[in-house]
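In the two complexes below, chain A is the common chain; its partner is chain B in one and chain C in the other.
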Partner chain A sequence: MRKRLLIIGAGTGGLMVANFVGRDLHGEIERGEISVTLMGEQEVYTYQPGFLYVVFDLMRPAQLIRPVRELLAPGIAFVHDRALRIDAQAHKVLRAQGDPLEYDILVIATGSNLNLQEVPGLAEGGHWFYTLDGALRLRDALRNWQGGKLVLTVGVPHKCPVAPLEFTMMFDEWARLRGVRDKTEIVYSYPLGRAHSIQSVADWAGPELEARGVRVETFFNLESVDPAKHVASSLEGTDLPYDLLVAIPPHQGDELGSTSHLTEAGNWYPTDRHALSLQGHEDIFVLGDATNLPVSKAGSVAHFEAEVLADNLVGLLTEGSPPLHHYNGRAFCFIETGLDRATFISFDYEHPPTVPGATNAVHWFKQTYNRIHWANLKAVM
Partner chain B sequence: MAMQEPALPDTFREEANSLASAALASITPRMVNRLGGVAESTIAALDLLTSPEIVNLLNTLQKASPVLTPLLGQIAEIGPGAGMDGLADRILRAVQSGAAEVGEPPRPISLREMIRLLRRDPAMAIALRFFLGFVRSMWSPTKGQ
Partner chain C sequence: MADDSAIRIDARGSFCPGPMMELIRAIKGASVGQVVVVLSNDSGSKRDIPLWSQKAGHEFLGVEEHGDYDEISVRKSH
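And now, the complex of A and B:
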């Protein structure tokens, strides 16, 4: 009897798992012994790390978007639809259009979404670069920037943990190159008592920001925004007037988890930190932003998890073997420290990162990766 | 006193070290497997395309079919030992000039029309199958596993 693997979510994690398994089990799929189906709400895949470059006119939106079907390995079916509810007992996923999809093994890779509603006034008074529309709106605002006070706020949790630092450092250099830095005040705020949640990154970032003349405002948890008065207010009672507010909005998991009664607070799926199985469900796995794991919500995490999960899925689909490969919390993040230099951090559950000095080479490595990400996604490389 | 090799500039060393460190920190077993597979396919395809047997075959086919002349003439120009840069482009341009030769004025043609024209001539069909086989050898999903 044919075994059915269903993957919900056509982002980085979902596409990579589908392609890794699809390529490994090419023969089984051709012979009809195994089916791999990817279900996605969007027909196009968007490379989200590119939004940061769109803001500074360093990449065009067209460079970040490709049709999902073009990214799938042969033999993988794509269902363009929204999953409404997972019926874990019946092994079915109900969807907005068409009959429910049945599965033997389910992978949830539904990512995370901005939760703008959590901060009153933010949608009206703020900018962000975590969506393509938002990045384009911020790009347009920067094109007209002649100076003033830019305030950056950080909501938690959020994906790409170093993006707030990257934006701040890139904006600083961008303003210098435009000749408006002396007319520009930059305020970097953070909800904790330091510049970043990871201690070693905070230790590195503090002096870097200070050297750039960036004011760091700690213990600033954005509570509300007054779009008319241009004031951002924190839970701690601090008011920050701004000319341009760039917010990292707090994120939450997809509502599919709550409608299926499978998630906990924030719509995050309780996930086994090594096997990546949904707790209490041996035939459901979770990866990427959707998990509740204490790791960064980043593309690299989805990638590393996808490799481990794919190896386990291949064993499960072909031999019924239990998960033999363990995810160790591995994460890797480039950190742009300006417009032509970058560094990186690499860490896992047991080993916190250190931050090496920034170089041109790492910046160009990142630029190269931005352009060959597709090969990675397709599991060609 | 032994001569010392000139030291690399610190900045270069720093750049190279940072790049190597970042690459090591980001690479995965599957990436290594796939890169190995791609490298093997590329080298094998280059070796095949530039072998004397293939060049001789192209020359023979070129003499056998007037329709093939523009196409194979350009491919054969690559010769043994040459790279693959622009190969697909050469083939497409050659097929377009082939289309003009069969009585139509020079014009851009679609891929579908190009394939129809190629299939019209048996020798062309062989060349097409050869080309598609080469493409498949480069991008087969089972390569490198």
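And now, the complex of A and C:
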């Protein structure tokens, strides 16, 4: 009987898994022995790391968007629809516009979203660059920037844990080049008692920010924003007046998880840290931002997970073998330290990262990656 | 520190965002007077949690060491 693999979410993790499996099992798919279906509520894929460059007018939105169908390997079906509920007992996914989709194996790659409601006043008083609309609005605000006080706040949890640092360091250099840095005050706030949750990154970032004249405000958990008075207030009782508030809003998982009674608080799926299976379900797997794993929510993590998961899915679909390949918590993040230099960190469950000195070469490596990301999604790189 | 009404959070193995963030989220949701206990194997928690409690005006109750992890308790004060 034909084995059916269904993947929900046509983002970084979902597309990569679909393409890795689709290319490996091309013959089986052609012979009708196996089917691979990718379901996504968006018909286009958006490269989110590009938002950071849109803000500074360094990339255009059109460079970040491509139709999902163009990115899929031959033989993979694309269903453009929203999944409403997973019925794990009946092996079915109910959806918004058509009949339920049945599966033998299900992969969940529904990512993470901003939860603006958690902070009263934030939607009215703040800016953010974690959505394309938000990035464009912030870009417009920066085009008119003549100086003043910029306050950056960091909500928890959030994807791409180094983006707040990157934004701050890029903004500093951008303001210098525009000749407004002397009229600009920058406050970088962080929820913990240091500049980053990873100790080695914090040890590196503290002095880097100081050298740029950025004030670091620690133990600042944004609780509310007063848009009329332009004040950001923390749970710890600190008030920060601002002219421009740039927030990394707290994130949550897609509500599909809670409607299906499969997730914990925040809509995160309880996931096995090595096999990536949904706890208590041998035929459901989770990857990318949607898991509850203590790893960064990053595209690189989704990529490394997709490689492991695809190997396991091929074994499961063709031979019924249990997951033999283990994800080891691997993550890789570029860190832009201004407009023409960058560094990177690489780590896993057992090995915390070190931060090498920033170079121009690493910056260009990242620029190149921004333009060839598509090859990575297609699983041809 | 046996307290039936305490909220217990197992944050062992949580690296980023880490145990302290889990504690802060729990304190937000707790009622005044309630105790939040967090289990952590991150060495920074022992240092950061008392500092944060002081800054946020909550009562730090102490650390119980259990070999490979710590049990850290804070009472919500306001």
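Please note the rule applied: the second predicted complex is superposed on the first by the 381 of 381 C-alpha atoms of A that agree within 3 Å, B and C clash if a C-alpha of one lies under 4 Å from a C-alpha of the other, contacts with A are read in each partner's own complex, and residues count from 1 in each chain.
Everything below uses one rule, namely that a contact is a pair of C-beta atoms (placed from the backbone, for glycine too) under 8 Å apart; a residue touches a chain by one contact, two chains touch by 3 or more.
Computed from a predicted model, the values in this text were never measured in an experiment.
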(message) Quick check on the chain A-based superposition: chain B and chain C, clash or fit?
(response) fit
(request) With the two complexes superposed on chain A, say which partner A:62 touches: chain B (first), chain C (second), both, or neither. (result) neither
(request) Figure out whether A:1 sits in contact with chain B (first) or chain C (second), or with both, or with neither. (result) neither
(message) Let me test your reading of the model: by the given contact rule, A:96 touches which partner, first (chain B), second (chain C), both or neither?
(response) neither
(request) Considering only touches as defined above, state whether A:211 meets chain B (first), chain C (second), both or neither. (result) neither
(request) May I ask you to decide whether A:228 touches chain B, chain C, both, or neither, giving the answer as first, second, both or neither? (result) neither
(message) Can you tell me whether chain B or chain C touches more residues on chain A?
(response) B
(message) Looking at A:365, would you say it contacts chain B, chain C, both, or neither? Reply first, second, both or neither.
(response) first
(request) Working from the superposed arrangement, determine the closest approach of chain B to chain C, counting only CA atoms, in whole Å. (result) 20
(request) Mind listing the chain A positions that touch chain C in their complex? (result) 156-157, 161, 191-193, 197-199, 219, 221, 235-237, 273, 294-296
(request) Mind listing the chain B positions that touch chain A in their complex? (result) 14-16, 18-19, 21-23, 25-26, 28-31, 34-35, 38, 139, 141-142, 145
(message) Applying the document's contact rule, which stretches of chain C touch chain A when the two form their complex?
(response) 13-18, 20-21, 24-25, 28, 44, 47-48, 51-52, 55-57
(request) Please name which positions on chain A make contact with chain B in the complex. (result) 20, 22-24, 26-27, 73-75, 300, 303-304, 307, 310, 332, 334, 343-344, 346, 356-357, 359-362, 365, 376, 379-381
